[in-house]
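Labels A, B, C and D are assigned to the chains in the order they are written; within every chain, residues are numbered from 1.
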Amino acid sequence: MDHLPSPRDHFRDKCGVAAVHGHPEAANLVYLALYALQHRGQESAGIVSGDGQSLHRHVGMGLVADVVTPKELARLTGSHAIGHVRYGTAGESSLENAQPLQMVHRRGRLSIAHNGNLVNAEELRAELEAEGAIFRSTTDTEAILHLVARSRAPDVVDALVDALRQVEGAYCLVLADESRVIAARDPHGIRPLSLGRLPGGEPVVASESCAFDLVGARFERDVEPGEVLVFAPGTPGERRLEHSLFPFPPAVKVPCIFEHVYFSRPDSLVFGRAVAEVRRALGRELAHEHPVEADLVVPVPDSGVPAAIGFANASGIPFDVGLTRNHYVGRTFIEPAQSIRHFGVKVKLNPARALIEGRRVVLVDDSLVRGTTMAKIVHMVRESGAREVHVRISCPPTVSPCYYGVDTPSRNELIAARETIEQIRLHIGADTLGYLSLDGMLRAAQGAPGEFCTACYTGQYPVALHASQRRYAGTARLPFDDKS
Amino acid sequence: MDHLPSPRDHFRDKCGVAAVHGHPEAANLVYLALYALQHRGQESAGIVSGDGQSLHRHVGMGLVADVVTPKELARLTGSHAIGHVRYGTAGESSLENAQPLQMVHRRGRLSIAHNGNLVNAEELRAELEAEGAIFRSTTDTEAILHLVARSRAPDVVDALVDALRQVEGAYCLVLADESRVIAARDPHGIRPLSLGRLPGGEPVVASESCAFDLVGARFERDVEPGEVLVFAPGTPGERRLEHSLFPFPPAVKVPCIFEHVYFSRPDSLVFGRAVAEVRRALGRELAHEHPVEADLVVPVPDSGVPAAIGFANASGIPFDVGLTRNHYVGRTFIEPAQSIRHFGVKVKLNPARALIEGRRVVLVDDSLVRGTTMAKIVHMVRESGAREVHVRISCPPTVSPCYYGVDTPSRNELIAARETIEQIRLHIGADTLGYLSLDGMLRAAQGAPGEFCTACYTGQYPVALHASQRRYAGTARLPFDDKS
Amino acid sequence: MDHLPSPRDHFRDKCGVAAVHGHPEAANLVYLALYALQHRGQESAGIVSGDGQSLHRHVGMGLVADVVTPKELARLTGSHAIGHVRYGTAGESSLENAQPLQMVHRRGRLSIAHNGNLVNAEELRAELEAEGAIFRSTTDTEAILHLVARSRAPDVVDALVDALRQVEGAYCLVLADESRVIAARDPHGIRPLSLGRLPGGEPVVASESCAFDLVGARFERDVEPGEVLVFAPGTPGERRLEHSLFPFPPAVKVPCIFEHVYFSRPDSLVFGRAVAEVRRALGRELAHEHPVEADLVVPVPDSGVPAAIGFANASGIPFDVGLTRNHYVGRTFIEPAQSIRHFGVKVKLNPARALIEGRRVVLVDDSLVRGTTMAKIVHMVRESGAREVHVRISCPPTVSPCYYGVDTPSRNELIAARETIEQIRLHIGADTLGYLSLDGMLRAAQGAPGEFCTACYTGQYPVALHASQRRYAGTARLPFDDKS
Amino acid sequence: MDHLPSPRDHFRDKCGVAAVHGHPEAANLVYLALYALQHRGQESAGIVSGDGQSLHRHVGMGLVADVVTPKELARLTGSHAIGHVRYGTAGESSLENAQPLQMVHRRGRLSIAHNGNLVNAEELRAELEAEGAIFRSTTDTEAILHLVARSRAPDVVDALVDALRQVEGAYCLVLADESRVIAARDPHGIRPLSLGRLPGGEPVVASESCAFDLVGARFERDVEPGEVLVFAPGTPGERRLEHSLFPFPPAVKVPCIFEHVYFSRPDSLVFGRAVAEVRRALGRELAHEHPVEADLVVPVPDSGVPAAIGFANASGIPFDVGLTRNHYVGRTFIEPAQSIRHFGVKVKLNPARALIEGRRVVLVDDSLVRGTTMAKIVHMVRESGAREVHVRISCPPTVSPCYYGVDTPSRNELIAARETIEQIRLHIGADTLGYLSLDGMLRAAQGAPGEFCTACYTGQYPVALHASQRRYAGTARLPFDDKS
């Protein structure tokens, strides 16, 4: 059932992409890569493979292992493939928006998978529609396909460059035609994209390097900001052809610091740094900035764990897993009519009273969005006997929405955009509350101011926004169900 | 899983359409109308409803009652709706081709459902692609959407007329934008389309009048060849607006005689005649042209029944149901490795030996395509003890493919295009074989030569074919699984 | 979800059974036989196969082709198998009651499938429970398993005979242990059971002979009333062993006449007569007993067709298919809130106005239970323009429930048990109404009074009922959804 | 599809049970309790509720949140309920074995859910079958139902006591008849069972106290070894009746130490101790017994985490999460034909190279069964750059199968039963390997020798085994898929 939403709705995107070229099991390797990138999107998944003659496509709603069954995988024949996982958001999600998108145009077939968000998507769409273009999805990605189809350039690669010169914003793309794979990263390098090699030298492109680990590929390097990489089959008996283009004017590089703080997997290398190390450094900085007398450092599982370890190491306060996570979460539960206290949080987390009782606890988490979940956790930890509860957040207060591909709530819904730190502390019921400073965060990430996009903490957007973004800021949604 | 087939494949279409405007349960009424039209297509089904603000769409593979669940139906809100059922063909069927198709263009949303086949679809597609158009389906219908989107006309109705002036072939269309329903029938009137009224006067449009019976509407008239009907909401407090346009140059009217012979439901009024009556008349003519001494007239169920009754009445030979149909057919059966004689036919039909044994049997059917099924039936009837088996077909030999919306096999696969009647008789093992003559058929349908399209029997195509049709004639497929 | 109903509920059963012994594809042949017997039960289906070492079982709710997928069929290995289809009744149906039932007892495994109904089932159950027996289903069949398990006889066949000596009522059984198939029919021979042979001589047992036609077996003979047939593997190199026992005291033979009137398939041989012939004879007798001046004989599809043909032949009034049946019925439809006249019947049947208008119509059906459906049909036929509507029923008025395996409604719900024929005529709105007489029915079936069970027409029960039957008569249900 | 296995197969069981009495949402509370106990069994789940008149049952294969949908839950009406989750084992699992089992016997209905394993189940079964009993499942639990049904005692509670006097082994039971809940724990107290109270005082019984936390109940006490608790509704206007019986002769108490080591959830209180505390103490003891010079303590997630924290705290070596767990595991993955190194482990775990590279790593896990998984992990950690890899196991070598309800592999499959510690070290490729001693384990659990069942570490079985156990030891299976 797709209630096609208004074409003027806000475009959203928080995704992972992967591609393989020149391997007889390309679709299976992309499938595994998407599985490793599953944390980047659980709403829909899709793979397109190419066999030199045609493209084979399968997309569906849900996790990659549910969408891509062995039977479907067997049909995704050919030696190159691209894939996509998309963030789970309610209501406006639909099969029509599931990627890779695909078109037939005069040059043949083309498929595209996109991680990021274009800031001039609505303007482009309005222009294209005025010229008679037909849209089927509400993704910004579809505009790129139209621009490619309309380009006068004879070859798809040139047409893609034509198209990308007209878009602004954040994008990491993988595309496939009948025989080639193309990867492209926007000139600002906001979202991550890396290049790896399979044991036989075949290229793998993925949003994060953890995908390489699973498929047995080694990390080679990041796809550079502004780079377009083309992988094509060689003439028979020869090796594959690889081209690297830099067709765009130079731009300031502003990788997204939130990939380090929360989004990427800890075992990935992102923007040249190991995420695991950056997160521990964030925790250590946090311990230095907001020391506290306490007995126990407890992470909010699972994303708070690395920073909590860093905090514990720097502070000397013992680390422990004081909140037990239920591994079967993710399904719907029916709360009894005779309501249970903290039901929504308890279904996911249970405090280990034996560890907490009588102790002064430092709760470490990596972000605070609306504050409601943290308020319940603090309360629950107190009921389990904690003498004091101190909350530490491993990044600065989140005050501004993201327009570059993270699905954040509107400014009004961000507690830190409305309340002072003391008000937030009262709201969540903590004895003390400390956020990491912007400087502390940049120190941990080893970046100078301006070397990262920190717009969500500062409201300073390195790529100029268009009117449409500002207008729809109020309707956007939180990416993290666990963090309301 | 959709293996997008080559864009140069043959376009096929054999479908039913329905629409309702101005009724609070529009989608439910369209759903019931599609259920009554289910015999026109079992591959996919879909409904789009409109509520004045937006369109709601649901399409899926399978029968309408499986695709449109009560839950989905509840979401198809609004007071107008259109729907579509599509013929079941293997391999190239896909969700992307399921109709109604839908687009967002600069005028808003537009949905379209199509019964028929355009003869210049490939030429249009090539031109549109050259101008940068993107295709997602392999239906000819999508070209109409592009032509609408590119028209300079400000209103959708004018843009649709612009578009239809560029297409050639057979079409009955229903379209919906946010507030209106549009119905259109090609100037030749090849496929049927009728207008009915609900008890409150609200219009219903459907491929056949049997859909009106189920929803409690009465038949008003056929939509005329070349007519465009527009249903729009009136100003508040006023009644709905209805316009009838005839924007195309006049053309010869050639309704498809095969709708009477086989395709339409016997309880429908089609092209001004009751199908039930025409079929009995076909059987009577057949009895006059090919009399035989026999004890029993047995129809090949179910489509052979009306002609068999006509044959029995005219010949005075008793009619009886000598072949019992299994009502649970339609699923897959696994034939044992130790193969069973006539398994494929037996799963569907079983001869009643008590009726057949020792009798001279006339088997009446409405068409003979490849002849293989009939050969099995004749053999099976003989094994049940028939003394003689005479086969009578209630139309002339089928010698040419249809390019106007019936999914026929290529000429090479049509037994009557390759073999003489005597060769066919030997092939199917009948004692005698008689086909109704062209004149006999036209007499039964009360039409003079030229008043019907009889191309499948004569090879004379009233609407000029394009090169592409001739080229792809060899790859088309049979519509009737029961008739190979 | 199984709400295990009260163990004192009425036991119901209207089913089909099949078995094959000594064939490498035994389960597949039983599957096809069940498919041919599908009209005898659509609630649940199941197959048990045996491979000499163990039994493999698969049962499920629904049609056999839905329940037994190719994957499941592949697991049902071994050279003998039994199967069961069960009538669809609402509410108390459950997977626990799906047959074949299976037990592990001290002699090994035993599976059983049952068509019929025991009249002393509740008494047996009470006795068994008093001795510590545990029940899981609410079928009467389970009591037979307990009696077998408790018998002192060393062999299963003897134990089964012991058990059957304690039960009263109607039963046709097929059973399987690890290596044998046993078939048994009650001494009164109330329900049908036949023996056929595959081309290699392997035995097939089935409720009706139409199952033999599909699997390529020939009809050999009926299993005799009171006969127990045992099929066992021979010693290596020898042929199979077959035994026929008649271990019960002689009893009056009273086959169920309703099998001929309605239940069996027309292409079956039942109790030595072809069902198709008996039904036509019923129609002929009906024409003689209740002649009428009319223009058209129209059957209520599909079960009224054979009697209508007989009526037409005997009366000289032309037969025609004036009611078009929708072949996609069987699913749920949502009636619009703005209700449609005769919706429930229209979804299944549509009158062909062209045939009916201005005509005097004889509607022929094979039974009238509550009368509500017929009232709607008569009304609908009149609205289609019939000048007169005469209803003819090819059996006597149904006045008493069946306790031998047909799931009839209670006496109160049977219209003929409460009203006179004239009252019924008024109720259904017919111009005239005629039921076949008991004598006419017996003449058609070529039986003298007492040679058939006619309890549902006479209230004279040939096998004495127990108190429990009389008590629960009020709660039983109609077998025929189409006939309310 | 259920291939009913040989009745002589080994009985297996590793489960969780829960019950609620006297609460209007009993089934929902049991459902939540089962969700909290999901780690004790993922093969099947089921709930039976009682409403004073009847019992309502729903069981299915899979996780409780998949099996018990909101729709099913709504049907499980009544104010008391029992539930069960069962361990996931391949092949012989079947719906017939899903609990709660249910029977109808002469006293009415009775449902039972069982955690544990009877050692004389086969002997009981043989005796019962000899007396004519019928079995449907291959669980040992069904024998208890038969013993209850055959008891001469008029009331179910007395009959249950009669039955339990005849069984030997480990059991925690919850049972329900139409109005009561009964809980029973074997005299040795091998498996855990606790009693909690809802805010209104209504009793909750569950295998572990973590179930109480989720439903908002408080822990009251353990159900005592040998105790039978009966909860019945009081007379109208009065409060519920609760009885505690100790009907069995006294026996030595030997709670299962493996519940503390691995099986129970860390946030549960089991046998009077907090599991979280015991596990950290196990890690501390391990650090004292097997010290090592190293840079990092890395747990094998998730079960190795608590002991690793204890080890880190006692040793002063920093703890870190060096292995990233994929949260989407649990589905099937297709390994490419061009095989990927360590694929099976990599799909679940990925080493964080940034943390591990150049470090001396202590890997801490809670058990080692076959050793194959640990060998892959050690290898993978070395490939990520670890300079040294030291393996520490927080219990003694597992040398004997469990016959009291843990589904262990046969002795032959236990690596520690066949190889010396040095051989195991070589096998897994570790630099050093240390197991906690029996004394160390008992110290951590604060128990003297003989106060726990330690049979899996010592081969000394506190409850005498029967011949059948010894016979089938060779065919049993590993409970822990992650630990092969």
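Criterion: a contact is a pair of C-beta atoms (placed from the backbone, for glycine too) under 8 Å apart; a residue touches a chain by one contact, two chains touch by 3 or more.
None of the values given here were measured: they were computed from a predicted structure.
Enquirer: Going chain by chain, each one touching the next, work out the least steps from chain B to chain D.
Expert: The fewest touching-chain steps linking chain B to chain D number 2.
Enquirer: Average the CA atoms of each chain to get its centre, and name the chain whose centre is farthest from that of chain C.
Expert: Result for the farthest chain: A.
Enquirer: Quick one: chain A and chain C, Cα centre-to-centre, how many Å?
Expert: About 61 Å separates the centre of chain A from that of chain C.
Enquirer: Compute the distance, rounded to whole Å, between the mean C-alpha positions of chain B and chain C.
Expert: For chain B versus chain C, the centre distance works out to 37 Å.
Enquirer: At what distance in angstrom does the C-alpha mean of chain D lie from that of chain C?
Expert: That gives a centre separation of 48 Å.
Enquirer: Please set out, as single numbers or ranges, the residues of chain B touching at least two other chains.
Expert: none
Enquirer: In their complex, what parts of chain B are in touch with chain A?
Expert: 1-7, 54-58, 72, 75, 102-106, 109, 126, 129-130, 132-136, 145-146, 149-151
Enquirer: Could you pull out which chain A residues touch chain D in their complex?
Expert: Where chain A meets chain D, its residues are 23-25, 28-29, 31-32, 35-36, 38-39, 63, 65-66, 70, 73, 210, 213-216, 265-267, 269, 274-277, 280, 302, 305-306, 309, 313, 318-321, 324, 326-328, 331-334, 336-338, 340-341, 346-347, 350-355.
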